[in-house]
Amino acid sequence: MGRTTMSARRVLGAATAVALALGASACGSGSGSDAKAAGSFSYWSMWRADEPQAQVLKAAIADYTSATGAKVNVTWAGRDIAKKIGPAIAANQAPDLWDESDDKVYGTTAAAGQALDLSPVLQLQVPEENVPVSQVIPAKYFDMLPKDPSGSNHYVIPYEVVTNAMFYNAADPAVAAAMPTPPTDWAGLLKVCDALKAAGKACIASEGEDPWTNGLFFDYLLNGAGVNVAELSADRSGAAWDNPAVLTAAQQAEQLVKGGHLIPGYDATKFPAQETNWTAGKAAFYMDGSYVTAEIAKQIPAGWKTASILPPTAKAPDAGLFGFAIPKRAKNAAAAQKFIAFFLQKKHLSGISTTALNITPRADIPAPAELADVQKTLEAPTLRLGFDGVGGSWLPKVLNENYLDFWHGKITAAQFVAKCKADQVTYWQTEG
Amino acid sequence: MATTIESPPRTDAARGRSGRAVRAGVGPLERQRHRVFWPFTAPALVAYAVLFIAPVCYALWTSLYRWDGMGEMDWRGLQNYTLLFRDPRFRTSLFNTLDIMVIGGTITFVLSFALTLVLREMRARLFARSVLFFPSLVNGMVFGIAAGFLFSPTGPVNQALELFGVTTPPKWLSTDNLLPMVLGTLVWTATGYYTSIIMAAVDQIPDYLYEAAELDGAGPFQRFRHITLPCAWDVIAVCAVLWTVSSVKIFELILLYGGSTNAYPPVSSWNTAVYVYSEAFPQGTVPRLGTATAAATVSLAMVTLITVVLRRLLRREPIEY
Amino acid sequence: MRRTNRAAGLASRIGTAAVWLVVAADLLLVLWILLTSLRSGPDILQHGFGLPTSPKADNYTTALDAGGFARAALNSVLTAGLSSVVAVALAAPCAYALARRRSRTSSALTMTFAMGLGVPGQVLVVPLFVGLSRVDLTDSDLGLGLVYVGLAMPFTVFLLTGFFSGIPGVLEEAAVLDGAGPVRTFVQVVLPVARGGLVTAFLLQFITSWNETLFALVLTNSQGATTLPVALSSFVAAQQFNGLDFGTMFAGVCIILAPMIALFSWMGSRIIQGMTVGIGK
């Protein structure tokens, strides 16, 4: 017995020695990359080089380099960046600048106090426009964000904003006939669905496997009933689920399921099968982020006209941001901040609308034609995050699985609420 | 024929393999071997120690801490492990891993034996074997992508079933059916793989054994039981261990089968590999490396235990022919 | 007696039919992927099955160029190829020594390597990431290749030990009597005989590394360093927010598959044969 512990210790010792050796050689190679052109910095992008957002950023970067002489070392990392930024920070390999959606920036870095407070960027001048950044990016986009441990909510500076809504083809006569005017209450929406059903068209195309987009119906219903999802999730006892308004919201969502308003076969396909069915006119509405117009741009039939409504109960549209963030351990943070202000110039940021077909945070840049409606809803004085910005892994660990069972009609609204309550209690126990 | 892995050193000399009758410690050859032993093994050992054993030890050590990978490491002792077993997602992952290993393994090996029987008597068997082997060379992600098309409600699988009069086919891609679908794909790829290996071993069994058995009036099943199985036993035993080990590593198949966008697949289809990945590289939250490595350690312990038991069960006296 | 024979005959006929059915399904799947890679994206989404009306080879040019598959293919060839060569070069002498020398140390070492077979990759992911980033080897093909060498050790040593055990020692005895040194004996006498095993070990390792996804996903991120599986995975991930061109994606799938198909139709039997020999001894 004594022998095994001895050898175990020896192995551990050897492992530590190796780790130390690795660590020591790292210190040798870590510094020394700073001695490049002043103002240079590294940037990891959430976009792949072939995506339109990357084209816009590339053009801006080229312009930045020719204007300032500073080099930008770009890595077009793609969406996996959200999984890699944490380990990279841990290893002191973090870039000076990166971008992602607000929830990922918060979850992976800001929540752990690893994101730089970008308030100083708001005071920087936007080049050639003689106004500070704070004047072109409305404060409401920051006000809706959760605060990091130091109390800041300026850890991400948006260059693209999205909102989630029910999108439809305004040029589709069947939809126009069923919905002469947008419904003003939940019953009105069900009436539209009934009319569509009578006309032989499914009301809602739903990717049955995706808890996020389908959950948005529940989210908007809760919002209408005055329930804040973030507060709901934070209750360690789970008692918040006993609020009758929660059950009512679930029952309303259930009416879509039980009423046969979801496209047949929705629970037996994989994304993007139902998005495709929707663009082929097999269903009227599709709940998604406003980036959906870019997603479907290549496959919509001629004459298609995108329009959107919010689920009629919504008190405020939700919003999401895609923007720049800087890790606290960044070596060239000042240079990266300068570039953020540079990119927010109208001439560069417009590309997000014209090339990438999305909405920018600047009110003076018109959205692409299909998203004109959506841009209007974003003019609301206050905005909220989808699911009220609920943090941590509450969505995957408590809500998603149960919601899918519910959305597939396997459990009733009451069972769904009871299961979420139980799982939330377990969640907080294991989260400790 | 003895597996080199387990045979204790002394018995080997006694077994007296052909052409290796050299007594230990005598003769220039043996002395030479003694001299080059360390120089020959050292490079591989170093690579193995640095790139394999050291990381495993580091993982064991990390599993005792709470660590987000960026900040300080907090000592937690065995608390990560107790939390792990209280997490219903981990229990699901663990059971799924066992499901895949046991159920998938049983089906795979039953099918492999059946196929070996069939292929033995078949024409164009080498061609058939090659095609059957091929899926194991295909990246698991490809199956995930193809399944979305093949098994869609209006896809070719359902159309084919309709020809046979099945009008209400199962909802292949519903979240409930994810694990069975993953299992099915696995069985399909693994069966070809193990059939090929077992068949190649069976091919080395001399024909006269079969001829003799036939003269004694043994049917095909008896021949399989009394000749094929015992003669190919070494290979089969190693295959069983390989399956156990590789079934735990399945990862990209599950990841892309269920998680079509950037989201993870539903927990009901997770195995421990996906669990570890989701804790270490979560979507939009801080990594929990302590829990991740603890989960990895648990699956390591499980595999080690099962492998040891399996080897005990499958050990047999080698047969010479 | 007769009835059992007839029953067995029927069973084997059903079995044969089943085998051909599966064989046909496998071939059809590959054919479908090939055909689909020649069709346009929207067309594929509307009808998953169909012949390419106007074959589009530009799916391939898009995939190779804009999709980054060309660079990824190069990275894959380099990492998978070099790491497999290095792995076999390291493992071969080690396996030979282990197979030939019978001592307590030798069997303990064999056991140590074999135990590595049972370590799931997920155990190594986090430590390797942390370790490699300390020495500045993340997001580099060199780092990924090193990891593949390490991962290859248990199986390659295991397989080759089996292989060398099967080679009669007579040849070496003759060589030693001729006065050849140990290295010369190994290189000039043993290796040529074991060539089949070495090739098998190399090919198996190459195939594994070519398809390896978990470590590639974690350890590389820039489009200059990613291998094919990562290129495919990140291409698929980009469907969110910007839509996915399924034609290009299927072209990408074909780029991953093609070398496997070629390799296998060329060396298939050899791989299977070699594996069985290595495993069985």
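As written, the chains take the letters A, B and C, and residue 1 is the first residue of each chain.
Throughout what follows, contacts are C-beta pairs under 8 Å (C-beta built on N, C-alpha and C of every residue); 3 or more make two chains touch, one makes a residue touch a chain.
Just so you know, these numbers come straight off a predicted model, no measurement behind them.
Trainee: Looking only at which chains touch which, which shape fits best: line, ring, star, complete or other?
Mentor: Drawn as a graph, the chains make a fully connected set, so complete.
Trainee: Applying the document's contact definition, name the chain pair with more C-beta pairs in contact, A-B or B-C.
Mentor: More C-beta contacts join the chains of B-C.
Trainee: What's the distance between the Cα centroids of chain A and chain B, rounded to whole Å?
Mentor: 38
Trainee: So how far apart, in whole Å, are chain B and chain C when each is placed at the average of its C-alpha atoms?
Mentor: Centre separation, chain B to chain C: 15 Å.
Trainee: At which residue positions does chain C touch at least two other chains?
Mentor: 130-131, 218, 233, 237, 239-240
Trainee: Which positions in chain B touch two or more other chains at once?
Mentor: Touching at least two other chains: 50, 53-54, 58, 69, 152, 260-262, 281.
Trainee: Hey, what residues on chain A touch two or more of the other chains?
Mentor: Where chain A meets two or more other chains at a single residue, that happens at 18-19, 79, 83-84, 87, 90, 271.
Trainee: Under the definition above, what is the set of chain B residues touching chain C in their complex?
Mentor: 1, 3-9, 12-13, 18-20, 22, 24, 27-29, 32-37, 39-41, 43-45, 47-48, 50-56, 58-59, 62, 69, 114-115, 117-119, 121-122, 126, 128-135, 137-142, 145-146, 149-150, 152, 155-156, 188, 196-197, 199-201, 204, 217, 219-221, 232, 234-235, 238-239, 241-242, 244-245, 248-249, 251-252, 256, 260-262, 272-273, 276-277, 280-281, 289, 292-293, 295-297, 299-300, 303-304, 307
Trainee: Tell me, which parts of chain C touch chain A in their complex?
Mentor: For this pair, the touching residues of chain C are 41-42, 45-46, 66-68, 129-131, 133-136, 138-139, 217-218, 221-223, 233-235, 237-245.
Trainee: Which part of chain B faces chain A closely enough to touch in the complex?
Mentor: Residue positions touching the partner: 49-50, 53-54, 57-58, 61, 68-71, 83, 86-89, 147-148, 152-153, 171-175, 258, 260-264, 266-268, 278, 281-287.
Trainee: Of all residues in chain C, which touch chain B in the complex?
Mentor: Touch residues, chain C against chain B: 1, 4-5, 8, 12, 15-16, 18-20, 22-23, 26-27, 29-30, 32-33, 48-49, 90-91, 93-107, 109-128, 130-131, 146-147, 149-151, 153-154, 157-158, 161-162, 165, 168-170, 172-173, 176-177, 181-183, 185-186, 207, 211, 213-214, 218, 229, 232-233, 236-237, 239-240, 249, 253, 256-257, 260-261, 263-265, 268-269, 272-273, 275-276, 279-281.
Trainee: List the residues on chain A that touch chain B in their complex, please.
Mentor: 11-12, 14-15, 18-19, 79, 82-84, 86-87, 89-90, 103-104, 106-108, 111-114, 208-212, 264-265, 267-271, 273, 391-393, 396-397, 400-401, 404, 408, 423, 426, 429-430, 432
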